[in-house]
């Protein structure tokens, strides 16, 4: 069940039996010479929507498509929220969803650079309850799609070298599987991109001139992407079920 | 050119000749018993993407899909930003896009409830420059898709009665044209919904029990929606061109 | 009853029978070569105080004299709040007044540039209740004095041409009626000022060199101003009564 | 020269010779059983406007009429900004005034409860420059009207007992001189109000049941108020001149 | 009892009989050519810890070591919070401590420049309750260590001239008593530093080239510092007891 | 060189040759039945100060002693900043230190719960530069003391079982080495604490009744703590040197 393609009575009815919602969350940012700018929000959306097609008991929120990408701002097309803005926006999403009765919110994340801010936001949200001496009536969970059980191992086996950390062949492949008419090519030089620390945008561009970090995206293919999706979907369904069924102590 | 399906070198190249970007912006909120929760962000996205298919010189940002919908929060599935959060997020989008060299940002809006906050945000952004005694190196424009030249007149002619203000047959029809497999039906009672002031969420639900304001969405059809889209697309292309070519005084 | 010239026991006593308060709100900003910088807060204050003299059952708050005028900052004497500051300040006024038991707050506005921010503030205030699933124990209303029933038509009939949008002969006339010893004159050139979009302060000054937009304030006179006031006062009294007596659905 | 009754060309012209502006600032809050709610903003306004009538070289901004009065909120008619809101608003006033070229901003204050927040705001404003390693191109000064040279001594001599700290006979008298038709009376019990610490609003009302602190306002009279005004006006003119002429080290 | 050297069960047990906590609070900022940068947080810490050694019934929080020192930022080693940040941080400390059941929080302050912001923070905190029409379940108190009964008189008698306002011989002496191996010397020129207003950092450095204001710290000695500490400790113990035992009206 | 025990001329002189500063940062929060509430800020302080005693070329800032500990608020003595407050405070520290010329700021962290917020803060700080298209003139680095090269391995070898994640025998041991007179004992039950997710404070207390997570702190001893300190000190000195000498690309 995709929230944005449903009516409110449909969501209201579903809430009687399912109080877990999945929020695909990512970033719109450069992904090297060939990667789509939308890669990081497209990947979790692709996986979540594929999961919903297999199990329409899942409730999927609209995709949170802009995240924390300040370090990519020296590359055209990147759109970034400041961490403080990102926190406020996530908080309002959570306030909206829990207001309707969702008790478990599962963020399926597609951007490593989002992790710190999302976790800080969870703490900001929980802090309201912690200061009040009340228990939060909901639980929040963050999972990167590549950390779904089995997915990272699969990616490593498909791409034993040149996987890297940004514009990885895994994520490029996932978008190729979903958008085969948008596959772009380039002569990567060097074949495997350098690695290093991440700081501000101009420092980033000096270290990583074409945007990639440690990766060789030329290895990507739609077929490999489909294999990753096919592994991620059941892993997601299972992980969400475990979250839904988690026993909370009194 | 859809930013999220492009690579950064493609956007960088395009910026040499086109410094205008269109941002579809809307809301995810109840649209009566049958309207899609995504209606208000789907409509500007549908129109903007259709325009891009006709004129690939247009640059379209990802869709800003969550807006200011506090008054709809008593209906399940609505997700709202507080106005202050919305302002911060729009500001960061603008900072990101202008950082790359976009000089004109055209927000194609799908939600009347967004208008005040978006305009306040423009003032907040401009104020930074106004206090500094510097001229903003960009211009911002907000246009509701139904205010594109000719569109409102068309909608009125198609739906002379029961158009209303929320969950209108026009917007429902536009989504029906784009998502024909998601058309929902209901027995509306009353046929034409009541009207009244908009305040907080529970007040809203008391006044407008099924979510509609003044509308009879039963009149919608995919064909009518397509007519509206077909009128909106050239109007958008022309309006964007006028914005791009506007002469700014020294 | 003017709050600032009353004692707290007087207000406390009045609250037993009247829970509506009028807040004159405006801006301190340039009004062309001859208009008073205070025009936009003086006009609603003049009208509200005149109404109170006719009907001392009205409760009038102090005038909120600084609003959102970032676009006028290139003209000396303008004082502007950022929209975010304006929102915080209005929120605190509302929190204060509703804390005492006022249930209806009627903002009589004198500046078009305030409208978006005031409406966004209303949404920010209501959102607190909407997220909490509680009903706000008060209602907020914004009315521009020129939109009081009958006033706009009167202004149009007095000034069929050259009314314009900023430094209008209507508002200049209202201040002339109240401050006849402060009437200033100038040779306007052009007689009717240009029109155009409103952006940042330097852009504004480039488009509108003497500050006016579309207006010919030379037509103003104290007598015309008094006619406008005389029309606005009963319209205000009636509109406030309607707001007070509005039936709110359960 | 009162800014709000001037036109922008008049202010622009004056700035060539005078770069100091006086901002009357106060609060709208209970002042005991008989004091006007506006007392704290009326007093500095009365004194500043009287000074301007004697020396029209002075530039007087509109009155900042709402300040920090959270502790008075248990008494009807009080309107308070939170300190953080107050800080933002003062900052925007300063940004506006210094943008036009005012280099010295003199806040003539009428409310002791404002002092800490105004001083914190000055530090907040200066900090922007201090972090940047730049010198602020303006100076800010806060003076309570009763601290103008000679005024406190006069008040003590007129009211040797029962002056107190809130709803003092001095401030009541100043408003009586200016608004003689608004004089109110009551049987004060006790004659001299108690003293104690100031905390939240309900604590305040428990300690100071009729709102006064340490004062016997029955001693006030319009004549005494006029004597205070007559002493404050020349002291203000002289103090502002000293501020204007202060030599700033390189 | 020092909180940071205790376990949570120890604090929980103590809260059954003592609900007052002392927070040493200061600043890390230049103190002239010889003063320690930590002077302003070390002094209240020294006094509070000495008091705790005499009366282990006292509960002492960790030292709040960074305050509002924007005016000292032109001198290396100074670390300052903006007032707005300082306010947020103090608020969170108060929320944490009152959450555990502390009902009285006594800030022992070592920096005059903190006073305005701390008092504004108290108002910000109380305002939450004042707007809600609820009574704050705690009381906050700010005392500068030199204002403890008898201390200021002692300092004046030890240093009848050249005490000044910043880098005073009193505070230097207190740190010398506690950190005798960190005593530094210099040829002060002039012997007694100048006085003047405090604004931004570069203005400060222009007025007070070596950082001192009005003081001759050469008079400090560890012995004098110990005398001051010995006077402050019993005064603190007594003042805290009075605060704890204060009768609050209903 | 400890900043707080130095004078500003000493820091100014040192900045000519050393532009790296170490900030010990932690949290004041419960550490099980026996751990000191200050453990998380004491550990990095102990290690940093020991390193400074070995290599007085190091510049050590005062300890940032309160961090993000909302999940521990159900245990008395815990003091927590909200993530948003923590971010503001860290930002001001960084602004202060870089204002003086420090180009590398090394945060030596003692609390896992701080990591997300500190990293989000780095992004918030860098974002200012990234949006401006300027390069930040400084670099920020976060290192948990247990992640210093070799330290984690040593801790694992000393405590092969029952190390856990909170109130670990490692951190308890480090504080025992530094504060041997503050060693506390208890009968832990169970011997090794449970593990689980971290959410709000009451959820935490329900899952981890005595505060520990996965640990058996009974294994701690001052001798073991000293071994850890002795390993951490040279690792810190070396890691800081590498950071200082890092070559930044143009």
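Labels A, B, C, D, E and F are assigned to the chains in the order they are written; within every chain, residues are numbered from 1.
By definition in this document, a residue touches a chain if its C-beta (ideal position, glycine included) is under 8 Å from a C-beta of that chain, and two chains touch if they have at least 3 such contacts.
Remember, it's a predicted structure, so these values are computed and weren't measured experimentally.
Touching chain A and chain D at once are the following chains: B, C, E, F. Comparing the CA-atom centres of all chains against that of chain D, the greatest distance is found for A.
Between chain A and chain B the centroid-to-centroid distance comes to 25 Å (mean Cα coordinates, whole Å).
Each chain gets one centre point, the mean of its Cα atoms, and the points for chain B and chain C are 29 Å apart. Each chain gets one centre point, the mean of its Cα atoms, and the points for chain C and chain E are 47 Å apart.
If you average the CA atoms of chain C and of chain F, the two centres end up 54 Å from each other.
Shared contact sites, meaning residues of chain D that touch two or more other chains, fall at 73, 80, 82, 84, 96, 99, 130-131, 133. Touching chain pairs in this entry, ordered by label, are A-B, A-C, A-E, A-F, B-C, B-D, B-F, C-D, C-E, D-E, D-F, E-F.
Within the complex formed with chain D, the chain B residues making contact are 130-131, 133. In the complex of the two chains, the chain E residues touching chain D come out as 68, 70-71, 73-74, 80, 82-84, 87, 113, 115-117, 119-124, 126-127, 129-131, 133-136, 139-141, 197, 199-203, 206-207, 248-250. Against chain E, in their complex, chain F makes its touches with residues 3-12, 15, 28, 30-38, 41-42, 61-66, 73, 75-82, 84-85, 88-89, 91-93, 96-97, 99-101, 179, 182, 184, 186, 211. Interface residues of chain C, counted against chain E in their complex, comprise 95-96, 99.
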